[in-house]
Amino acid sequence: MPQLHLDPDRALPPDPTTRELARTVYAATRSLPLVCMHGHVDAALLADDTPFGDPASLLITPDHYVTRLVHAAGVPLEALGVGPSATTDPRAIWRTFCANWRLFRGTPSRYWLTHELVEVFGVAVVPSAATADALYDALSSRLASPEFRPRALFSRFGIEVLATTDSPLDDLDAHARLAASGWEGRVIPTFRPDALVHLDRPTWTADVAALAKRADVPTDDYDGYLAALRARRQAFIAAGALATDHGHESADTTPLPPAEARRIYAAALSGQVAPAEARAFAGHMLHQMAAMSCEDGLVMQLHPGVLRDHSTDAFEQYGPDRGFDIPVTAEFTRSLRPLLQSFGRHPTLRLILFTVDETVYSRELAPLAGVYPAVRLGAPWWFLDSPEGLRRFRASVTETAGFYNTAGFVDDTRAFASIPARHDLARRIDAGYLAGLVAQHHLDLDEAIETAVDLAYTIPKEVYTRPAT
Amino acid sequence: MPQLHLDPDRALPPDPTTRELARTVYAATRSLPLVCMHGHVDAALLADDTPFGDPASLLITPDHYVTRLVHAAGVPLEALGVGPSATTDPRAIWRTFCANWRLFRGTPSRYWLTHELVEVFGVAVVPSAATADALYDALSSRLASPEFRPRALFSRFGIEVLATTDSPLDDLDAHARLAASGWEGRVIPTFRPDALVHLDRPTWTADVAALAKRADVPTDDYDGYLAALRARRQAFIAAGALATDHGHESADTTPLPPAEARRIYAAALSGQVAPAEARAFAGHMLHQMAAMSCEDGLVMQLHPGVLRDHSTDAFEQYGPDRGFDIPVTAEFTRSLRPLLQSFGRHPTLRLILFTVDETVYSRELAPLAGVYPAVRLGAPWWFLDSPEGLRRFRASVTETAGFYNTAGFVDDTRAFASIPARHDLARRIDAGYLAGLVAQHHLDLDEAIETAVDLAYTIPKEVYTRPAT
Amino acid sequence: MPQLHLDPDRALPPDPTTRELARTVYAATRSLPLVCMHGHVDAALLADDTPFGDPASLLITPDHYVTRLVHAAGVPLEALGVGPSATTDPRAIWRTFCANWRLFRGTPSRYWLTHELVEVFGVAVVPSAATADALYDALSSRLASPEFRPRALFSRFGIEVLATTDSPLDDLDAHARLAASGWEGRVIPTFRPDALVHLDRPTWTADVAALAKRADVPTDDYDGYLAALRARRQAFIAAGALATDHGHESADTTPLPPAEARRIYAAALSGQVAPAEARAFAGHMLHQMAAMSCEDGLVMQLHPGVLRDHSTDAFEQYGPDRGFDIPVTAEFTRSLRPLLQSFGRHPTLRLILFTVDETVYSRELAPLAGVYPAVRLGAPWWFLDSPEGLRRFRASVTETAGFYNTAGFVDDTRAFASIPARHDLARRIDAGYLAGLVAQHHLDLDEAIETAVDLAYTIPKEVYTRPAT
């Protein structure tokens, strides 16, 4: 069977001089622990340490990076296990995936999956219609063995800390069980209140009612709502949280006068909120969240610029997170101005900015991060968490913001088994970028090595620290 | 006389390792037939097989890529044969061009013209004031000989199929004569209804009247107008058409309620249409055209984002297509949503998207093509059909959309003699990009070769097929 | 002490073949005189030839490229000598800077400062907490010696001409003194009327009153105001000026009907101007300035797209130009259309366009410059005047506009001692870009060398010439 090969020089620059330098830089970071501050892994996975299921339900069905590309080629999502009338035979799903392996040429999914098959699971076979069954069987037998259970992999991966992403409504029970279990792995929650600050989401009314219960603070007026959010932030902090996360379509942060915020909140409770009011309230709440971060020191992460569920039809058939979230133009300079006017030079705010619109890198993000002490640039996110994407990020922001106004590498992983591949890729790309600076005599090699270590490890550790408040 | 030289390694990456790989990849595509699905060559040229005229009227005057750059240096367009009071001496025009050869340094026109002079016409002399006359004489003698007539060049170029771009008002007589002639070359029309869907164009009233005649379907109301367009699509299909083409300033595809469409159409017929109504109707008609493509299987091509005739003054003096069409910001995510909501997962729609605004590559186009089965990304168009433009396209879209959600190479040729140069350049750039992936161990060499063949030949053939409806 | 090293190959491409070619190209430009057409150096510096002060007040405090990055790391601007309650001890400021040297890794400031320390001042020591005092002392002793006074450096730098940037209210006394002094250095003013055309600036009323006095033309109505501006342009021309410069948030150039311009001007004089009126008037005045340039031949420079003083708080504490000017999306195609419709093909207009929004390079700027005789593209400006920024500029615009529709290299220097470093960097990057074209056989080496000389010297000299009017 044709073999998959993980070349030791993969993702390093092709020019021999630069490659040699990149090898040296990469050698200094390849074995550093993984600091994973922005993941989407379920804490229960580690609390329960249940074995992973079959190969398809581990690697294919839940990964919208994978299912979207196969669907784009005309394969129904059902054939990949997605949706209520989906195929339930995991082997059939796996075969469909393997037969479409060529669709992933040139994509980071190909990089991650290859790394997972070779490094994590030790099955170095090129997926194809011919090899699908053999691969399936080999993977299945791996998954049945104890060293492929979540905690064992966590240790093997060298994860120093893993942040999950959690609703304020979450009881954090899995995190509590992890803490109580005596297991040495560090897993912490992240406070993500999106559903509660978007007044026009269908579930909003139910969600604020649930918030009141969870926080034990009535949310029947705006002041109670803020108090309940504050209470949940404290509960998250008690459970180890270091950060909040905010996914908004726009980066607008314009605060409302308190009376107007109260009025809109009350209108929403009675089901009478206009779309423009809901948008204004969402922007207002980003300003409020920054104010609370100044109080309690939670690092604030902002991921704007995505139109969720572009296909209503697909959303209704398959639910959210199926690949139909499409970026739109982002704007930060004017949108963040109210927040930065208020808190951009506040000593305890850390605001980490992410984007899927690369045009803002050199125009807006690097200039903002290059002057406001509160601002740090998050790593390339989502579609941009890729070899060229990571490279363009460094090439676009470094000259204006330097390295030390970025947040280092922050993975945004949904698929647990891909965590090492993502960190490894980022370390290789940063090594290549730094090696290029050395090759062009912009940097000395010892500085490049020190910077690489900082980007991979020191900076994320330092940035995601709750400052004394 | 200083010689022009076509280096066998031109446009391949400079790094020796990558270049060697690129040579291997390019060798697999360099002799493949040319699939030319989006040209602006006049079918009559091939139907009549009349000899080309003098060098200036073949290579200079009709090519706005050439005339614009010389004009930008301060040379009146008249000196290049453009406009009613233009120089009529082709040798004088040719001398002006040759004396300005340095203006083309670093441009794709330089690449194409060099290829044409050396490969197509066998006159390898560097253009300059000193060489202009000798070059003119050599070219003139070539053009007088039978092997430089259009059909002979068509065969020599290895063109497998050539699509022209045609108004629904065109009687397709040249295509009929070609079909009847027994000549083996395949030349097919493309349905481009822009003039008929923009209600505010000065010629619109006359054009819908002509449409009624040509289709033999009355167009005095909206329903008749749609029926007439449908009838012309069928006539184009009968003449071999595989695709439609749409050039709109915006990519908006919002459908109007039928009553509103009828009302605006009627208003336009009576000369009473407001600019906003005309814009809304144009967007509505893109939605209608997609609906018709679902019915009849014509592949739909969309080229938005250009402000035509930026200089009214130049338009009035020299007419359209003189280099004064300037791109504006493009937007696809929200604009295409109505169309994609309706038809993006329809089994018989193929929607090929082009842009001259590169900012949408990674932000909007690749994410849309990476999930909607109907969407394919067209090749870099117009100003972007250039070495760096082609390279940036692959670097920006591949990681999110892969190779197989693109349409492969699609040339947009106005100058017949430049067709081979354009395909050759695209094959070289794709070879270099794929070689880079191999050099970075993202792809195996055999996969790179297979992908290169797919991009150059297999994919365009497959994409521009009318699906069974 | 660890030594700073200026490698002879710095900023050249790493690939050995391309580097060798780049060395050859660079050798042809490295010693050419410096044509500095857009500086922010104070003419009095050269008129008085006063010695520079201490290292901190020469290299740190006035340079917002430097202070912003240190501030972004959390250091108060006061510690860098900025603001009313700033540290006044220059040695303490210097120590703070040296201790933060790593923040500049990968930035052009690092490149320029290294060049200044090694080449201009001959103190090749890596800044750090440990070396700060030694460096300070060495620099101080250099600055006390005659060969480090402004005129001596001007000569040593090989500056052929230095343009300053001046308000129409400036009496040009320093320029007059320079002319009268018999010194051979050529220093010319540039007409920058921003404060006078933005009706909503707090100082506007006082400024137009001062304009009346300076021009000896009453400005109590719009026609007088235009006449006063014309008179000042003539005074600038008499003092050697070749150009005007315009910094606007938007590139809008829509002319107002004269009656409307008169009405808004009168309203502004009585303190009654609305923000939208002020914006419209600013756009109108760009159109007027182009009309005046057609009359008097001053080259027009436009720098749009920056939101000044993003942090009101920082502005109030520290004043303007402290790093809080943040770019916004730029738009040229529609904004410049009125101006270009009127004057874009006028034989005596030269309009040089700058941007800090790179998205317009290939989409708008190169297409406009590639057809309108009046338009030239300015060099990458501000944050983009950097190795990658200069490279992306050439890669994005050359294929559409060629080299000869750019203005060659135009530095935008605030720090006098950095002038040679900036020209040197641009020459290296252009050498590398041209070498890449040679390596890919797009250009012959002799053409590359000629083009490099044109970009560094011939073109800026030719572009910044007042055409006969």
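By letter and in written order, the chains are A, B and C; residue numbering begins at 1 in each of them.
Just so we're on the same page, contacts are C-beta pairs under 8 Å (C-beta built on N, C-alpha and C of every residue); 3 or more make two chains touch, one makes a residue touch a chain.
Protein names from UniProt, one per chain: A, B, C = Uronate isomerase.
This structure is a prediction, so every number in the text was calculated from the model and none was measured.
At the interface between chain A and chain B, under half of the residue numbers involved are used by both copies, so each side presents largely different positions. Fitting chain A to chain C on CA positions gives a rotation angle of 120°, reported to the nearest 5. A straight line joining the Cα centres of chain A and chain B is 40 Å long.
For chain A, residues touching at least two other chains, in rising order: 13, 15, 359.
Residues 13, 15, 17-18, 331, 333-334, 337, 340-341, 344-345, 347, 359, 362-364, 366-373, 375, 395-396, 398-405, 436-437, 439-443, 447, 450-451 of chain C are the ones touching chain B in the complex.
Within the complex formed with chain B, the residues of chain A that make contact are 5-7, 9-16, 68-69, 71-74, 102-108, 110-111, 307, 310-314, 323-324, 326-329, 356-359, 383-384, 386-389.
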